[in-house]
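Chain lettering (A, B, C and D) follows the sequence in which the chains are written, and residue indices restart at 1 in each chain.
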Amino acid sequence: MAPIVEKTSSGREYKVKDMSQADFGRLEIELAEVEMPGLMACRAEFGPSQPFKGARISGSLHMTIQTAVLIETLTALGAEVRWCSCNIFSTQDHAAAAIARDSAAVFAWKGETLQEYWWCTERCLEWGAGGGPDLIVDDGGDATLLIHEGVKAEEEYEKTGKLPDPASTDNAEFQLVLGLIRDSIKVDPKKYSKMKERLVGVSEETTTGVKRLYQMQISGSLLFPAINVNDSVTKSKFDNLYGCRHSLPDGLMRATDVMLAGKVAVVCGYGDVGKGCAAALKSAGARVIVTEIDPICALQALMEGIPVLTLEDVVADSDIFVTTTGNKDIIMVDHMKKMKNNAIVCNIGHFDNEIDMLGLEALPGIKRITIKPQTDRWVFPDTNKGIIVLAEGRLMNLGCATGHPSFVMSCSFTNQVIAQLELWNERSSGKYEKKVYVLPKHLDEKVALLHLGKLGAKLTKLSPAQAEYISVPVEGPYKPPHYRY
Amino acid sequence: MAPIVEKTSSGREYKVKDMSQADFGRLEIELAEVEMPGLMACRAEFGPSQPFKGARISGSLHMTIQTAVLIETLTALGAEVRWCSCNIFSTQDHAAAAIARDSAAVFAWKGETLQEYWWCTERCLEWGAGGGPDLIVDDGGDATLLIHEGVKAEEEYEKTGKLPDPASTDNAEFQLVLGLIRDSIKVDPKKYSKMKERLVGVSEETTTGVKRLYQMQISGSLLFPAINVNDSVTKSKFDNLYGCRHSLPDGLMRATDVMLAGKVAVVCGYGDVGKGCAAALKSAGARVIVTEIDPICALQALMEGIPVLTLEDVVADSDIFVTTTGNKDIIMVDHMKKMKNNAIVCNIGHFDNEIDMLGLEALPGIKRITIKPQTDRWVFPDTNKGIIVLAEGRLMNLGCATGHPSFVMSCSFTNQVIAQLELWNERSSGKYEKKVYVLPKHLDEKVALLHLGKLGAKLTKLSPAQAEYISVPVEGPYKPPHYRY
Amino acid sequence: MAPIVEKTSSGREYKVKDMSQADFGRLEIELAEVEMPGLMACRAEFGPSQPFKGARISGSLHMTIQTAVLIETLTALGAEVRWCSCNIFSTQDHAAAAIARDSAAVFAWKGETLQEYWWCTERCLEWGAGGGPDLIVDDGGDATLLIHEGVKAEEEYEKTGKLPDPASTDNAEFQLVLGLIRDSIKVDPKKYSKMKERLVGVSEETTTGVKRLYQMQISGSLLFPAINVNDSVTKSKFDNLYGCRHSLPDGLMRATDVMLAGKVAVVCGYGDVGKGCAAALKSAGARVIVTEIDPICALQALMEGIPVLTLEDVVADSDIFVTTTGNKDIIMVDHMKKMKNNAIVCNIGHFDNEIDMLGLEALPGIKRITIKPQTDRWVFPDTNKGIIVLAEGRLMNLGCATGHPSFVMSCSFTNQVIAQLELWNERSSGKYEKKVYVLPKHLDEKVALLHLGKLGAKLTKLSPAQAEYISVPVEGPYKPPHYRY
Amino acid sequence: MAPIVEKTSSGREYKVKDMSQADFGRLEIELAEVEMPGLMACRAEFGPSQPFKGARISGSLHMTIQTAVLIETLTALGAEVRWCSCNIFSTQDHAAAAIARDSAAVFAWKGETLQEYWWCTERCLEWGAGGGPDLIVDDGGDATLLIHEGVKAEEEYEKTGKLPDPASTDNAEFQLVLGLIRDSIKVDPKKYSKMKERLVGVSEETTTGVKRLYQMQISGSLLFPAINVNDSVTKSKFDNLYGCRHSLPDGLMRATDVMLAGKVAVVCGYGDVGKGCAAALKSAGARVIVTEIDPICALQALMEGIPVLTLEDVVADSDIFVTTTGNKDIIMVDHMKKMKNNAIVCNIGHFDNEIDMLGLEALPGIKRITIKPQTDRWVFPDTNKGIIVLAEGRLMNLGCATGHPSFVMSCSFTNQVIAQLELWNERSSGKYEKKVYVLPKHLDEKVALLHLGKLGAKLTKLSPAQAEYISVPVEGPYKPPHYRY
């Protein structure tokens, strides 16, 4: 049973949980605006000239309060916007309601089924006459994936008359994607191909989504230009690091109320996300242990006083397990069986396959007790011991708390706005080919600059003599491209 | 309109918000039990001998999940229990429901009016035939206060025939107390005097409540023995410090989702509570400033790299204000008018009079916008700037989050159980006079010991030669009474 | 061969390493004065009235630059002073030279033999005609011990004619003490008894010395009043904690240049000294493990994320071992044999018997390689592995670095000055009996107050209404005696 | 008066301070070897095949104990080595003596004049018959500079007959360089040109030296291949960051004994070096303020709770000033005049021109009081206030302490060894042109790997399925080139 699209009095489509939460959403959006100086500066600088006039933007990105401020920045610059979440648990329903009522077409609610999730993604790309969006704001790459898979299937269908077959894959979620495309080909065998034609480009938010884009660039299958926002310094070294330092303990506390002090916490992966998580746990008084595959990141952990061991070494004696790797099969059901009673297991990396949820669900005799939404105790048959799994293995900071706080998301989203502007402004110039680009460093520095005033910071100015001495322009950029911060 | 007492099928009285939350409460109680090794050890050690057989215990202490484990430890040791919260916002309704259904008479819900609050306190002391409770577990001293004020008024009434006059005080809350006593004298002019006769003693949890007790001891007005649990090391140096280090950021995040990193946070007071708050804010990336009256605590802050300034110095440039002083009139409405837009103001000390809520409410033209329960934006008339006040100035960790986590409350509450046992066991021995006592150090050390195993710690044993060398028993206590930890 | 006392041109006695270092000492004393605001404030407040006019003060306390500022504060207030070190390695020779040349009779040099050490102590108490000192400043209690043992032996000698017999004890150092007293009885069988008569009192600096005093108070053998300076908050919670946080890594770095980051460091004992050491090591990037006998201190360590284990658990895998216990026999030679090659072993507690130096020296085949003074590599015969022992097991911060920094010593020493003033001013009032006293809290708070200005702090003032509300005087003291800070 | 070259009994040249310190140097070298697992692993892996057989290596790099282990790793691999320091204060004389006696030709001592410094650099490049070195290990680029300036002057001389004229520059140090080259042309007008012919390449250690190399690459003047070791992750993110976190407080404590807790410390620059310094100061209890030109680095400081202000804002109220910028003219004499009495000023960036030493020396009436070597108090004429300048404005960690500790230098130097091997092995392959190269990531990861065992770390292994999932080889490298760590 597909959900049914609703319409506002002005005729804009939406599907959200509860429109009566719009006022509450609006109040929190107003609070967030004060905390998002980069986005508000974009409104002040670009709003008057309406650079997005005529642009259709589709976004697939956690439909939170912070995203609401992003969406309303895009509309304030003249865009028309449709939106869905990129995670079944990450929508904040009051944010969705406020945006649906006031600003853009939203298809998102907390606790979608996977089927609903892909229905929302499809709606988000559905612009009616004239094909799809001009621009995509993506997080994790699902909107981009759907279009690429759609085009591939349509081409196959044109060539061979064969429709995509969900049974051709084991992956339950990919079966849904193929089903969706199969059904759309039956209705319009050129839908995604037309979409591709119109599309100016995509800006992508995450490590995972970016990896997919580079793979498509390498294989030559990328269908439109992409800007890698994830690797802006003001994104990956801020949102990933400081965002998770904030939202990991937030999620743990909201979901379990457990005291972090005194506990042994295992952080799988010591990239930017892992670094933020480890720092938060350590300063809360937990004893942190890191697992790593990369010797450089491992040595960084050691220099911070954090032991580096394997999961096998510590699985039986630890209290909290956090996956941050961006890889799959990190904590398997066999690990979980060895854990202490009420050990907490959660993921803040990307997909739920960091934790072997399938293996857990399939374990004969396993019993799932839902303490409250997103907090389940799974009880093993033999021992009667249980473990606490958060957000069903999906992003726990979005599932159990409210994701990253506004200020750090303002850094990430200002990069998104600038990337979207860049793609749109250069849509006819040929500047961007079907490749993946990062934003130039002076824009990265600009994003940072827009956030300093709020925190009362005062920058020092280079003198011309100093600038010459270190061979940089007085106004920046100040660092070579390979600088690591 | 007084609330109406309800009864369980077994005839036990209660008044809670929603009995249907009892199952949810029970699940969280079971999780908490795993985190409260001290209380569970008391059940194992003392449960079989039922030492509280025949004892009536009234408790006035935040009706949370952790308190539920305390209550069920008391009942597991044989006591009959009646309970109310000591704060209008601190009840967790699912905890109240589970206890009311399964274990004890509970009168508590989140969001009581002050009138309801004192009604609940009265119910908690109401044991029907035979007067009041044998023992009181108190937090902040309101149950003790009610009895002392009741006895005072009854004695005055007996001597002079004069009833207490609520109009004799400006303090709105104390007016309610006097009204309550006036009404009870009309019904039974000896109610509190009889209660006093029966009472074996009280154990008190907080700095504020303990201060009241010492004042009564000095003035000779204390009516029964009191054990000061607050000054057990395993209480004040754990719950106050590590509890607040956990629950302050928890409350801030749940109430406002604001990013702590980069913000300027002012902590008023650098006692144990202030130390915990400052540590949490600092490690989250905030710039912390402390205000202090005590030069020793001030110097401690400085040694930790925290500047000590006055509120006037910093009120206009700071983002977050936290009161922890245990005193009144710390942040006045004139301070609040000078704050930045959306500055956050909250209290984790004791009473709401740390913040000048009365002055704020009385300001002509002030506008209160409730973002969500316990999170209000107060907008000033002239500037249209607002400030965010949490939990109406009451304890923000209990109002906006779930209070301190189970593990640290297990330390505090194990002290309570031991104090209650001590009072009850010595009820006829004359060991305790109408004075304030602290627990002996070996019991304090025992409380700590009961919590080490859960964290995987292994203690070193003194050899007899070493014990003799430092002149302590091999089994402890290991420190002189004045040792500060 | 006893050393020979020298004299300055003005006739003042001394014995130091190298008088030519006096200018260097003077320069560093001048730097230290800027960092010791408490002592300088004493000079400003009390200097003009010369309260110590006529007082003879003997001090037995590490003869460092900071102590030099203490000595010259005593002389600035009118006292005559004689001084020795309370540790064979802790003298800074340039400080000793400057004081010997300019201000007081000094008998101290870095690297005394034990025999020389006690010779210096004897000289320090030797005031010629009229017996001994009026006042003693003591650290560890050796000056006090010598007088008490002297009096005991003289009384025995008077009664029985028996001289003390060094052979009556196994303790090599105590043999020296007995020999010294035996020799002095032969010359003057009333020397220490006359000294006792004159003595007004002692102020004692350390945990160890204070413990001895309380034991003598309990046994009734204390011969004169004593002020326990160690338990002033501004001493034990500052010098012990923040002083060691500074001077432990300082000593490790000067002695070994070893990188602390990444190492596993075991801190034996988690009292104030241990807390400071653990904090320093942790923030330098070491993984810290604590050993403890006291469950309360153990639980504090755990709340800070530090595991608590036994030495046996970790001896083979750790890199750095620090004793802070104030007890004996903490790290035995059998432990040392199990350590990794080049493990570092040091003591910052009190006496060198925290580490089993006797056992190490006595091990057959052991080889000692002195890398540089105070840094020895001891090589075990079988394995050819070695361990690095600092300062021969004595206080490593004084042996390998320069002890605690001036600012924190200013807190401790201002307590000393105030205690000495109190003893002297009340010498005839009978206020102080032959007991151990702590300074009243308002003086403790005053010491802190004198140190705030230097750090730019501004205190908040209590209003009279606030002071009444919490029942303290507006001017303090602000806390009850049992408050733990 | 040029120094005179001496010779060992075996005929190897040297000039060091005191050959009698060689034994002490050897003992410390042996300690350091245990702390430098990367270098020792190189000896084990490559030593047997003697890959540097026949190679002449000249090094210009702080002649410390750690460098001694580097040198003896190069000789263990078959090289002949000549060495000088790259800083007039950074030589550890016992290290120089041990190497001169046992392993290589050393020209270095602590406290060289600038003239002596360049004499040493010249000696280091002087290999007698057959021209100069095959390979250069450079730090700061002075050896590379001398050759490039030499070649330029020789070419000019050949063309025009004009000798370099020291009077043509204001820079006192560059005058010495030109004088040196002028004198060498008089003796051999092809000396540097022949050197250039022979040279296989240089590996450069520092940000500053690397910047010079890239400038030469851009201008086309680079004379031989260069490997940028500085930008190996295992160099810049370890030595710069963790090295300075260790050695900044070490230098401050050895030079001044000042208590860091409670002080206000200004760190100019928040790159890797500044980050390490700020972290160390903060954890020692100082209040840290950062000055920055780069908004991204500024925002990083703010996220760590560190305010970002300009030097002008804070110069009058701060206690400690540290330059880390790699730029010039950071703290000018006008700043210094406004500082508090005994403010400490020091540089851990690169050259002494970060601090306006010339301006300070030239101030009329200024008085310099040397407390001890490398610690000067400069007293201003009008106010009589002084400031403490460390190491005459040069690298304070090398001038006042012993530089970075062995372990972190093992990371840096293992990169050096690998870079030298790469240059030498590929000397005939044409792989390296006259450009600047960084080491490939798998070598960077290898350096890290060699350091994990010493710290007891255990890496997790990727499964083939996981490796494929994230598109990396099972054996690494694990990150894309732009990854920032």
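The rule is simple: a residue touches a chain if its C-beta (ideal position, glycine included) is under 8 Å from a C-beta of that chain, and two chains touch if they have at least 3 such contacts.
None of the values given here were measured: they were computed from a predicted structure.
Novice: Determine, using the mean of C-alpha atoms as each chain's centre, which chain is farthest from chain C.
Specialist: Max centre-to-centre separation from chain C belongs to A.
Novice: Among A-C, A-D or C-D, find the interface that matches B-D: by residue number, over half of the contact pairs should be common to both.
Specialist: A-C
Novice: Contact counts by the stated rule: is the higher one at A-B or B-C?
Specialist: So, comparing the two chain pairs, more contacts are at B-C.
Novice: Please compute the C-alpha centroid of chain B, do the same for chain C, then give the distance between them in whole Å.
Specialist: 42
Novice: For chain A versus chain C, what separation do you get between their C-alpha means, in angstrom?
Specialist: Distance between chain centres, rounded to whole Å: 58 Å.
Novice: Which chain B residues reach two or more other chains?
Specialist: Residues 242, 261-262, 285, 302-303, 307, 455-456 of chain B each touch two or more of the other chains.
Novice: Enumerate the contact residues on chain B facing chain A in the complex.
Specialist: Residue positions touching the partner: 24, 27-28, 31-32, 34-35, 65, 242, 245-246, 249-250, 253-254, 256-264, 280, 283-285, 317, 341-342, 369, 371-372, 377, 388, 401-402, 405-408, 454-456.
Novice: Provide the residue numbers of chain C that touch chain B in the complex, in ascending order.
Specialist: Interface residues on the chain C side: 211, 214-215, 231, 233-234, 236-238, 241-242, 272, 291-300, 302-303, 307-311, 313, 326-329, 411, 438, 444-446, 448-449, 451-452, 455-463, 465-466, 469-471, 476, 478-482, 484-485.
Novice: Can you check the complex and tell me which residues of chain D touch chain B?
Specialist: Residues in contact with chain B: 261-262, 282, 284-288, 302-307.
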